[in-house]
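Below is the structure I would like to discuss, written out as structure tokens.
Going in written order, the chains are labelled A, B, C, D, E and F, and every chain counts its residues from 1.
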Amino acid sequence: MFSVTVRDHIMVAHSFTGEVFGPAQRLHGATFVVDAGFAGESLDADGIVVDIGLAAEQLRAVLADLTYRNLDDEPAFAGRNTTTEVLAREIADRLVARIEAGALGEGARDLGRVTVTLHESHIAWASYERAL
Amino acid sequence: MFSVTVRDHIMVAHSFTGEVFGPAQRLHGATFVVDAGFAGESLDADGIVVDIGLAAEQLRAVLADLTYRNLDDEPAFAGRNTTTEVLAREIADRLVARIEAGALGEGARDLGRVTVTLHESHIAWASYERAL
Amino acid sequence: MFSVTVRDHIMVAHSFTGEVFGPAQRLHGATFVVDAGFAGESLDADGIVVDIGLAAEQLRAVLADLTYRNLDDEPAFAGRNTTTEVLAREIADRLVARIEAGALGEGARDLGRVTVTLHESHIAWASYERAL
Amino acid sequence: MFSVTVRDHIMVAHSFTGEVFGPAQRLHGATFVVDAGFAGESLDADGIVVDIGLAAEQLRAVLADLTYRNLDDEPAFAGRNTTTEVLAREIADRLVARIEAGALGEGARDLGRVTVTLHESHIAWASYERAL
Amino acid sequence: MFSVTVRDHIMVAHSFTGEVFGPAQRLHGATFVVDAGFAGESLDADGIVVDIGLAAEQLRAVLADLTYRNLDDEPAFAGRNTTTEVLAREIADRLVARIEAGALGEGARDLGRVTVTLHESHIAWASYERAL
Amino acid sequence: MFSVTVRDHIMVAHSFTGEVFGPAQRLHGATFVVDAGFAGESLDADGIVVDIGLAAEQLRAVLADLTYRNLDDEPAFAGRNTTTEVLAREIADRLVARIEAGALGEGARDLGRVTVTLHESHIAWASYERAL
């Protein structure tokens, strides 16, 4: 199994609903350093699992719709907590939708798995991994 | 699959028995930066795989019984080498015992996997991964 | 010259006023990983430049007044942009006030310099350094 | 499952063939920080999954044949792009050949999996994972 | 004193002349993770020491003239070893030239110091610091 | 001003005397990731501030006398706490003695400053900086 991972980041405001979140129920914010990994069983004729330039570009496009925003105001997340886990899944799903639409090239449709990790600080991170 | 990971650390003395360890047979020590990961298939109603505050608290409690000690003197490790692998398993097992006792909340009993990684330096680390 | 540095973090929302900030004029947020360094010319009888436990505790206390908040609503920053630079200075100044009040012990009054670095992402950080 | 990982690096020149590589078709270079992970189901009598000293030594030996070279001139890679993925697989395969030849000790023949990750920058890395 | 630092990278081939360089006399390569720091005594009315967006943009522009190249073929370095130290100075000097030409805005002309650090691996880096 | 820094590490046991150290009065241990920086005003004819290979070799030699030991038993530290600050100074002083003895080459005698940083965990480090 091969995988290629690219890193980017978003800077967002949000608040959480639920006593479990303690002070994070208040409006606060986070830098999420985002690692998007693309895994497949084989390499193409060029010797790559995915075009890393396209991968970085598509990740940037997905993140552009999220960064420098108050996620509490985003219709896409209405009625949901934008926890690190939820954001990891959302970013993974949006990347998969782009892959399926051909944005990473024809070969990328054969990828087996996408993994998105969001680092919320130097001491905490969350991941979501899904098949294509 | 979702996972949440929290980081903490311990600072311990120990020595190893066995020629394979070379100079590490002498009494020496290590800072182990400890990453404890909790993985599950689904999110709860709050949008989390585990209460990250409780996870950090329980990891800290487990590490409090190990840190600032000479592990050669700890009855729990009598007759065993406290290698990075052995410590990773011990910490994982203790976390699982706490999860099963409800310390991470009712939902955490449904977690599928715990992974503990101990970084012993900038160039070496070891992990232990187990099912619940 | 000796120095000791401890790391902690805050997670805040804020927005900026001024065209120079582009999309960061919108309400967004950041995790700031905060490094607070304490420098002095000599060590005390214990062999330390500052009590690292107290230093971490005082940094935590200073950050507790900032984290999990929307800085736009904080009277302390009214009418000012809470840029990374401004926050670094504010945290440094608050640490110095605590040092001068004796919160880091009598010896700490002889420290020569405090440096605070805020990492806003994996690709950008800002520092403020001041004498005591 | 246990795993032990050691880190080392190589500094190489190379160029790529194929329009997908854009400016990387020109002769350029990279530092690859190489993480080699060795995984197994059980620990031996010493409490280790692999002799970490031998693991580091064998990784160093494998990398010694690659570093400070122009990979375009290496017969081993003639006619192939030395992408991060290709290099990760090559290093993993060479490590497995050494394990099978006994270079990591008799016990290492029972290892289940080798994973090699090459970090090409602070924002991109690739991995190859294979069974023994 | 305030400073703001931004990070980017280049991937280059080169070789060195001189017995001191050992195997690095052969054509090889490196990823240099580049940190460019801009320091000044005061903040402007917006609360910044430099426009971080412009700083990142200008660093990217300077690095675009170096990356994905064999530095042995670059006229700018003819007859000189492109050591990490030499490259750090070159990048700092080019940034200062841009600052003096106004590329970082009028306020940036008052910056006091530019520091450029090039990380050539996880275990070695070099810096060059100069006044404006 | 130029500087070159190399990284290595030691793994030691020790205990501290003094109530200020709390639980660290017990025998415990640490991995210290050690950064040794060598600074000078100018580059030599090869374009370097110091031979980085020699620098790494000399740092390794200095650390070989400290690692895999219980520092409480080392005559060099008898009656002294081996705090992070004390160890940073000791390592810097030993490096300077080697430089003055010519171990880093004739040119290294013109270095202006040596800085040694010891990282004791992901959240704490200490430095000592001295002139030659």
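Heads up, the rule we're going with is that contacts are C-beta pairs under 8 Å (C-beta built on N, C-alpha and C of every residue); 3 or more make two chains touch, one makes a residue touch a chain.
Values in this document were obtained by computation on a predicted structure and should not be read as measured data.
A.B. asks: Specify the chain most distant from chain D by Cα centroid.
C.D. replies: Using the mean of the C-alpha atoms as each chain's centre, the farthest one from chain D is C.
A.B. asks: More C-beta contacts across B-D or across B-F?
C.D. replies: B-F
A.B. asks: Mind checking chain A against chain B and telling me if their interface is mostly the same residue numbers on each side, over half, or mostly different?
C.D. replies: Because under half of the interface numbers appear in both copies, chain B and chain A meet with different residues.
A.B. asks: Using Cα averages as centroids, what's the distance between chain C and chain F in whole Å?
C.D. replies: 27
A.B. asks: Could you tell me the distance, in whole angstrom, between the mean C-alpha positions of chain C and chain D?
C.D. replies: 41
A.B. asks: Using the average of all C-alpha atoms in each chain as its centre, how far is it in Å between chain A and chain E?
C.D. replies: 31
A.B. asks: Can you pull out the residues of chain D that are in contact with at least two other chains?
C.D. replies: Those would be 7, 122-123.
A.B. asks: Over in the complex, which chain C residues touch chain E? Could you list them?
C.D. replies: Where chain C meets chain E, its residues are 16-18, 20-22, 80-86, 88-89, 122-130.
A.B. asks: Could you list, by residue number, the parts of chain D that touch chain B in their complex?
C.D. replies: Residues 1-8, 43, 46-49, 51-53, 56 of chain D touch chain B in their complex.
A.B. asks: Show which residues of chain A lie in contact with chain C when the two form their complex.
C.D. replies: 7, 9, 11-14, 23-24, 26-33, 67-70, 120-123
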